[in-house]
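In what follows, subunit A forms one complex with subunit B and a second complex with subunit C.
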Partner chain A sequence: MALVLNEEQQMLKESAQGFLAEFAPLAELRAQRDAGSETGYADSLWGQMVDMGWAAILVPEAYGGLEFGHVGMGQIVEQTGRTLTASPLFATAVLGVTAIKGAGTEEQKTELLGAIAGGEITTALAVDENAHHAPAQISMTAVKQGQGYSLNGAKRFVVDGGTADKLIVAARTSGEAGDIKGISLFVVDATAAGIEVERVAATDGRNYANISFNQVEVAEAALLGEEGQGFKALSATLDAGNIYLSAEMLGMAQESFERTLQYLKERKQFGVLIGSFQALQHRAADWWSQIELCKSVVLKALQAMDESHKRVPALASIAKAKLAEVAELSTNEAIQMHGGIGMTDEYDIGFFIKRARPAQTLFGDNSYHTDRFAQLSGY
Partner chain B sequence: MSDLNAFRHETRDWLEANCPPSMRESTQGGEDMCWGGRNFEFASEEQKQWMERMGAKGWTAPDWPAEYGGGGLDKAEHKILKEEMARINARPPLSSFGIWMIGPALLKFGSEALKQQHLPPIIRGEIRWCQGYSEPGAGSDLAGLQAKGEDMGDHFIANGQKVWTSYGDKADWMFCLLRTDPDAKKQMGISLVLFDMETPGVTPKPIKLISGSSPFCETFLDDVRVEKDQVVGDINHGWTIAKYLLTHEREMIGGMGMADVGSETMGQIAARALGVDQGRMNNPLLRAEVAKWEIDGACFALTAERVTDEVKSGHGVGATSAMLKYYGTELNKRRFETLLKVNGSDAMVWEGEASNQGWLPRTWLRTKGNSIEGGTSEVQLNVIAKNILGLG
Partner chain C sequence: MVSKNRAKATSGYALCSLMHLTIFTIALFPVFVNAQPPESCQCLWQGSFNAIVKHSDFIASGEVITTKGNSIEGGTSEVQLNVIAKNILGLG
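This part shows the complex of A and B:
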């Protein structure tokens, strides 16, 4: 497949640009934060996105979705990186849909995917249990009890953990921390007895939560996929998550670059525009080159998901490692080249660095994915 | 579609009948490339046959017009030819600055007479070309070149010194930049001229490089007669063509970032050299360095692919050759620094088995020139800053 967008994908990208500029620009994030919002977005936003069809893009037509594909969805998510738009799009329409589509029974798919596409439910994926991403290290337990399971353990830094209707939880039905076998996925009502949710206020003002499970009883039907075989679907969901985080970081990198480039053409010191200094020109040119590399790998990874290509895991790690590196470079350079004004809260550029770091860290940072890439490559 | 299918079958049959067995073995790099020309020493009779057969068919320059001896293939046919050659692992029949550089410039800017004169022998591999651009005082500041061509009516008399002439001692003709109007502003007053290296007064002298090899020459021009009908484009307007050729050169050199170092990946080479214990390469820092290189290498290869696809689909930005040249050459230098560490003291061996007769250290040293030739990395960054980012 050629590494270019087709006409429909290009149109979706432009429609996302228009929508976000109108309903969720960066100024909206600032307004939400200043108003003390716990989510970082207006209550009405998700309904509008659902009306746009965004919740249904990855849902197969058979379950009431649009089945428009990952390249299309990637364009939307990339644009949300430019406007730093928070919403349930990532946790629900990407992670939730991918996990349920990949592991769910026919019944679960019919019920849950349809409800997601229609905007009736939101989801959150609860994986990590400490500050470092390590999916195989899961120690939370799910013990068979009567006709169902009893869940015990705690999850950290769950995206949308405080607002989602359904939690998709990775817990251990057998084995020990470190074993890939024995991990199972469950779909749990967020209101189930024994669940405690503690909101986490993070640098980006978004909606994270630490969640503890104390003898949470769920029915057998809550099991997503086969008992003990959840790691495969979990990995595929995390791969998708990392590719979409990469797409979002691509948007952030481009936007912080373009805002900085504009500043280099406006700001005068020593009687000239600072963009006339070669020291800054070369750094800007290198930075731009790095972003060009990022565009290619993100598009390739999205296409690979659409083709169910066997290189998806490797491409997910390549994309995440590279984008985490370049998002870090971009947000650091943006502040340095803006100088003193870049340090002020009043100026918007600082929002990018505060969103970039959680995006880099979530589901494995640069070092995690460089290591994973090496393992996948046999060394 | 059936036409293309027929073309594929004809091509397959022809290659099967005409590509000699030894030309289907992988090359070992520079040594056994075929450069052609008047004085070329072929490595084998089959190498010569392969060049001549492909040249006669025009497939040394598959997409050049048939009227000049080229293959006259359209994009789809050209792609099929490449695929069918790859299928039998056929070597390139001819490596040639004529095909890569001056030929495309002649097709775009040259007079009909120049095309008729020069393109057919380039395609047949009969004439080998070299480039006379840089001078001792004009490297990055190429437009500051001083070699002059004095107007004598129907010809110029050229005097000056060129440097970094690739294979100048082996080439038959030179395409050369001369200052033909000393009074004009810097970029004006330059002409692109062609002359035979056997013309009296042309003296190429090989330069020995830090790698020990001498692929470049300095070329002295003493009262060299250059005919006016050998000027490409208009007199004093050669700079536009020179820039076009530089872009071409950048694309060529940029592609080297991903050039093969054999059939193994960097990771495989490193795993073999350092050993793997419980699935992880020994030496964790080097393992990370190798993985980071492979990640950047993959991103760069995808970028080259994307740029090509964008140009094909008509929405390319065009000016990305500077980025590919910059990043590709820096990546290639990084690769060889890492390969050096991966191979330890074996990589320092200049002559002997351990480093394949010095292949690794010599190639490593040669890569240092990648980010200098064809415009330094710093010049590429200037080009990006100015032409793409609009920073003045």
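This part shows the complex of A and C:
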């Protein structure tokens, strides 16, 4: 398939651009931070996004969604990278929808996907338990008890963990940490007895949490899909997550590049524009070339998800590995080329590095995905 | 000392002409590539080129050897960066 957007996808991209420029520009992030916001976004913002149908883009039509596809959703997420907009879009409309769509029973899909599309609930995916991303290393337990399960364990760095209505929790019903088999997914009410939520402060000012589960009793209906078979859906959800994080980082890379390029054409030093120095020209040209590559890998990965291509896992790792690398390059170069003033809070350019670092690391960094790609390729 | 160096140079020359002879032989009697990659791979070879160079034909070897030259022909990476900076990014 050609690496281009069709007319509808292009229109969605432009409408997202217009909406975010008006309601969630970078100045809004600064305002939220200064106000000490717990979530990193204004409460009304998510409502507006739901009204525009963004929560329903990945939900199939049969469950009340728009079924517009990943390439379209990718354009929106890319734009949120340009404006550094925080919202439940990633944790709910991407991770929540993908997990439920992939693992849920017919009743669960009807109930939960419809509620997400309508903006009635938000979700958070609780996977990692240690400092590094390792989805197979889950040791949190779910023990069958009467008509339900009892959950025990702790999850770290859960995106939107402090605000979501439903937690999608990966726990072990059999086997040991490291086994792919024996992992089950559960949908748990965030208010259930025994759940303790501790907010985690991160450089991007977004809403992360460490969550502990102490004898949390859930009904059998909370099990998403089949017992012990959750890893496949979890893995597909993480692939989607990584591709959308890549799309977001692509937006960040492009925006920080464009802002820096503009600065090179304005800032004078030694009586001339700094953009006239070959040392900076070469760095800018190399940076631009890297971003061009990134556009292709992200679009290819989004298209592959729409086609349910068998290479989605490999493409997800290619995209995440490359974009983590280029997001790091972009945010470093942006500050370097701005010089000392790039370090000040007065300039917006510093916000990009603060969001890029958590986005690079979440669900596996460059090293993790380079290694995963090698393993998937038979090395 | 001088004679030692000369001896080295002579043996180096001998090695060099031996290599030429090998390449010549390969060119004259095309060796069939026995490191055939599987069809699904759609590539000339798999793995390190060093490992299969003995079995590759003259054209494939030449192809690999000239890539270094190709990277300079038409402008080195520095020249290309200048072109991008001036014509795409509008700098300078």
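Definition applied: the second predicted complex is superposed on the first by the 379 of 379 C-alpha atoms of A that agree within 3 Å, B and C clash if a C-alpha of one lies under 4 Å from a C-alpha of the other, contacts with A are read in each partner's own complex, and residues count from 1 in each chain.
The definition used in the following text is that a residue touches a chain if its C-beta (ideal position, glycine included) is under 8 Å from a C-beta of that chain, and two chains touch if they have at least 3 such contacts.
These numbers were taken from a predicted model, which means no experiment stands behind them.
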{"item": "Combined model on subunit A where subunit B meets subunit C, clash or fit", "value": "clash"}
{"item": "Partner chain in contact with A:His133 - subunit B first, subunit C second, else both or neither", "value": "neither"}
{"item": "Superposition-derived comparison: subunit B or subunit C, residues of subunit A touched", "value": "B"}
{"item": "First (subunit B), second (subunit C), both or neither touched by A:Gly378", "value": "first"}
{"item": "Which superposed partner A:Ser289 touches (first subunit B, second subunit C, both, neither)", "value": "both"}
{"item": "Intersection of the subunit A residues that touch subunit B with those that touch subunit C", "value": "261, 264-265, 275-276, 278, 280-282, 284-286, 288-289"}
{"item": "Subunit B-touching residues of subunit A, taken from the complex the two chains share", "value": "2-4, 261, 264-265, 273, 275-276, 278, 280-282, 284-286, 288-289, 292-297, 299-300, 318, 321-322, 367, 370-371, 373-375, 377-379"}
{"item": "Interface residues, subunit A side, partner subunit C - complex", "value": "261, 264-265, 275-276, 278, 280-282, 284-286, 288-289"}
{"item": "Residue numbers on subunit B that touch subunit A, as the complex places them", "value": "265, 267-268, 270-271, 276, 279-281, 287-288, 290-292, 294-296, 298-300, 302-303, 305-306, 309-310, 312-313, 315, 320, 323, 326-327, 378, 380-382, 384-386, 388-392"}
{"item": "Complex interface listing, subunit C residues touching subunit A", "value": "78, 80-82, 84-86, 88-92"}
